[in-house]
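The same subunit A turns up in both complexes below, where it pairs with subunit B and then with subunit C.
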Partner chain A sequence: MTRVPFSFTRARLIGQNTLLEASRQKLFSFLLLLALSLVAGAQGFRDFNFGAPELKFLADLGYGAMAFFGAALTVAATAQLFFSEIENRTALTLLAKPVWRAEFILGKYLGIAAVAAVFCVLLTGLLAAVLWAREGSLLTEFPEAFPHGRTLHFADLVAAGYVQWLKLAVLAAFTLLVASFSQTQLYTVVTGFFVLVICHLQYLAQDASARGDSVFARAVAGAIGLLFPNFQLFNLAENVGAGVAVPWDRVAHVSVYALGYVVAAGALAVYSFRKREI
Partner chain B sequence: MSSRPVRSQSTVSANVKSRLPALVVIIGGLALTGALLRLVEAPLWTVLRAEQPALRLDSTGAAAGQGVTLGLLGGFRAIVADFTWLRLHVLWEQRDLPATDTLLRLVTAVDPRPLYFWVNGARIIAFDMTAWRIAAAGGYDSVPEARQERIGAEQARLAIRRLEEAMTFHPANAALWVERANIELNRLHDVAAAAASYRRAWEQPGGPDYAARLHAELLKRLGRKAEALAWLVQLHPQLPTGDEATEIVLGRIRDLEKDLQVPAARSYRPPPGGPPGAKPGGR
Partner chain C sequence: MSAGPSGTPAIELRGLVKDFAVGLRGVKLRAVDHLSLRVEPGQVYGLLGPNGSGKSTTIKIILGLLEPTAGECAVFGVPGGRVEARLAVGYLPESPYFYRHLTGRELVQFYARICGLSGARVPARVAEVIGWVGLTEAADRRIGTYSKGMLQRIGLAQALVHDPRLVILDEPTAGVDPVGAAAISALILNLKAQGKTVLITSHLLAQIEDICDRVAILDRGQLILEGAVRELVGVADRQALVVEPLSPVQLGELRVWLAARGRTLEAVETPRARLDRIFLDHVGRTAPAKREGGP
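Up next, the complex of A and B:
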């Protein structure tokens, strides 16, 4: 039997199927609707705002919804979509055909990255609309506060949404890596959330490895700092609504950083999945 | 029967052994990736850290707290902190000191960005909590004045500590220095410390001119009139031309010159055409 060459088309088809499957899941619809209604109703929370400028408050709420529900969606959907194939034995049927395991992992990843992209695009679009409408009404009510017209740059909103998606894409790759050797969906979900927390605290591990007291503590902290990405780098939304322009060179560097981790975690997931008995 | 645990132990051991090479490859691969991407990460991180004081806290516990809230709550920090502040207000109305104090810490831990939480929190600690403690001890009529002063001083020091914490998140912020000076003046009655804090407030970017005038007033109250005069003489050329405050400063210079009996030949002469309104470097 001759071995078929690697095919991106097959990976894309698996990805499309994953996206379709995700869109049918109640979890996806629930989290998406929750996040969308929170952003759409953000103006209702204005009365509870103390201290922060109004547009900044609205932008914060929007990106908060994107980061919080996005992370929950990514970890849960990755684990669920991967293990549903294993538990329903569809993975066995699929891999019995001339389909590479690498194609299966790549397809799954593309599907989940697409789910996260749909989520981020919808939320960014809605947030942009909410901010545009509110800025318009503020312009009418307080024209003296806007001597140079509109202050929000919608390219910055898109850039911040894109960077949020990059973070979710890296998280999805790491969750898929865990799923590739994990035996249960629950373990994958729990570990995925741990990875999320560790990645947000990675900078502390780097600090500890540089300034720690004991050699052991420095070695452990150094290892954590080396194994996990620094998710604080993806925190670009702080600039939106604060009158600070998004630095585009940072967006480019973060893209390279995210791509590096996605490729590495994806390749290791393929390696691990090839060793796995299904 | 007795062989079952032995078998399961050996199964686990075999399972771990079979996965060990894969685990080593995964850890090695991630470490290599981390080492390579450190080249991209390091310069980015230096810039980002310089921009966000919450990411360069000295205390590991506080830094970890900020890391988690920043990462997991993200922009939700604002709304979570706002609702915590509302809850704090309910407790404040009930004069529940321990609960109010706890929520004051919580609200700034969740979102340290708004100055509102820090400044109002410091006021609650310094002024309201002093009144609550005196009321709990029997009221202003029955608590001896010395004890009232002691309670006030204790609360004032706690409030100043809060403001110092705020300054780690908001370095170079005039409002925090003004608040500190107010507490030092009105609660601790430490005029020298308040004078120094008003001066620090004025030295911060966008520091209010009234802080500079208050610095001079407090120097005067301390009997350091020559110092106050020198300060106002240095301040006046930096104030905007034609401003009411500029005229007030000139008036105070003249009063001090009279008090100190400065000869007319050595009295202050405003720059021709009025002060240019420039402020010293670093402001």
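Up next, the complex of A and C:
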């Protein structure tokens, strides 16, 4: 009997098709629209000429928009790009080919992560351009506020954008896990956002597990703290806007942290999808 | 061409059972009920039965898309749930739906690559199968714009692109025009001529009768009849003659002629042209599979 080994080529083909679907479904024009409104929005703050803190404000605004719209996009894209395969029965044809279910899950995940990456690259690039231009004009207007010249570093902007993407990649893995057993698209979307909120508030659970009153409350809080990643770790924007160099060891640490959660959620998704009836 | 009963069958089902849990309380619905079948290599095998009799469910179990509740299933000797069992299988699902964002050509290309075809032979092979199903003109249009019959055709192309040994077609002619249906019949006979095995379901019994070697009839998941088509439908001791109209006198003479040979004339009817024949004559397009020679 010929054996069919797991194939990254097939997973990549599925991923490419997913990305193509996102781009042809005008998901990206939605992104572009967002990016444009961000530029327009940033121009609106021209009146507040308050020197260097304005740059921090702009960076916070930019990364905040990236986090918010990125999360919405990731959950929606995961539900759409993965779930519609099952709902529209296109998965029927694909999984009737010599394709492992794990390849299907990995391929879908790669495609969604690529969509999130395109989003982050677009917005980081745009934000960098806006910040650079604003810094230039502030330099000429208030030279006394910038005794050492430009304070922003492009590498820091990229690092902050990369960490935002890591967060979206973790969110996508969790949403994919939900979609792997969910019966409806709405359930996937709602649960995906629920996961997002929990991950943002996860640090509260960690605090509670350390200082909780009853053993039970501490156990529950501890479990939440362990099961869900802490999304607060993924925010490097305060460093960037303030011109403080991004600590690279923290970027490395967050990368490993994110990878761990992605692998765990992905493995669970493969497991739950393994026997799913198509 | 077809291996004897001793060889490995293309499909073998033994005591297959599939229950679905329906409703909140999980009431069991038995879609396939102790089904045992053997499809020999090289056969065109028809799976018939009324709506909801378990044909599509059986096919999905063969392809590993559903897990059987009980029983066994093997494709060329490989257990049905395994990825390896699907290596040499092409499948057209019923009322298929494909990625709307791709063109027909891109879709077939995608599946060709998924099935391990690579390099320069992909575009040529894709163009070839698209030609067989008569979609060459529409190949570069988005699938979102395809009609129902065109979806069936592109589905057929997708099922054949990797040159499978076993082709499973779930209602390939649903929504296809008579010209297309005739073309699909010709395509299936072409596959058979190459020694491929075809499992087909259809509600067009005339088509099934023309192309299938064997049929199985299911009802409520149970096998109620199985056998060679020729044996099932053949009325061996009757013949029909079609001639130009005869006058009553001539008819009388014919009766006398027959009586002298110990035969009787049982029925005199005026055969009517079948509507599909008229349609084919007037639409006048040659069936694409015939024109381009098939696989």
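Heads up, the rule we're going with is that the second predicted complex is superposed on the first by the 258 of 278 C-alpha atoms of A that agree within 3 Å, B and C clash if a C-alpha of one lies under 4 Å from a C-alpha of the other, contacts with A are read in each partner's own complex, and residues count from 1 in each chain.
Definition applied: contacts are C-beta pairs under 8 Å (C-beta built on N, C-alpha and C of every residue); 3 or more make two chains touch, one makes a residue touch a chain.
From a predicted model like this one, the values you see are computed outputs, not experimental measurements.
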Which superposed partner A:Ala264 touches (first subunit B, second subunit C, both, neither): first
Which superposed partner A:Thr93 touches (first subunit B, second subunit C, both, neither): second
Partner chain(s) touched by A:Val197 [first = subunit B, second = subunit C, both, neither]: first
Residue contacts with subunit A in the superposition, subunit B compared against subunit C: B
First, second, both or neither for A:Lys275, with subunit B first and subunit C second: both
Touching partner for A:Gly41 - first (subunit B), second (subunit C), both, neither: neither
Touching partner for A:Pro143 - first (subunit B), second (subunit C), both, neither: neither
Overlap of the subunit B and subunit C footprints on subunit A, listed as residue numbers: 275
Interface residues, subunit A side, partner subunit B - complex: 45, 48-52, 57, 59-68, 71, 177, 181, 196-197, 199-201, 203-204, 207-208, 223, 225-233, 235, 237-238, 250, 253-254, 256-257, 260-261, 264-265, 267-268, 271-272, 275
Contact set on subunit B toward subunit A in their complex: 19, 22-23, 25-27, 29-38, 40-41, 43-45, 47-49, 51-52, 55, 60, 63-64, 67-68, 70-79, 81-83, 85-86, 113-117
Touching residues (chain side subunit C, partner subunit A) in the complex: 60, 63-67, 77-78, 83-84, 86-87, 89, 91, 93, 96-99, 101-102, 110-111, 113-116, 155, 158
Subunit C-touching residues of subunit A, taken from the complex the two chains share: 1-4, 10, 13-14, 17, 20-21, 24-25, 88-90, 92-100, 275, 277-278
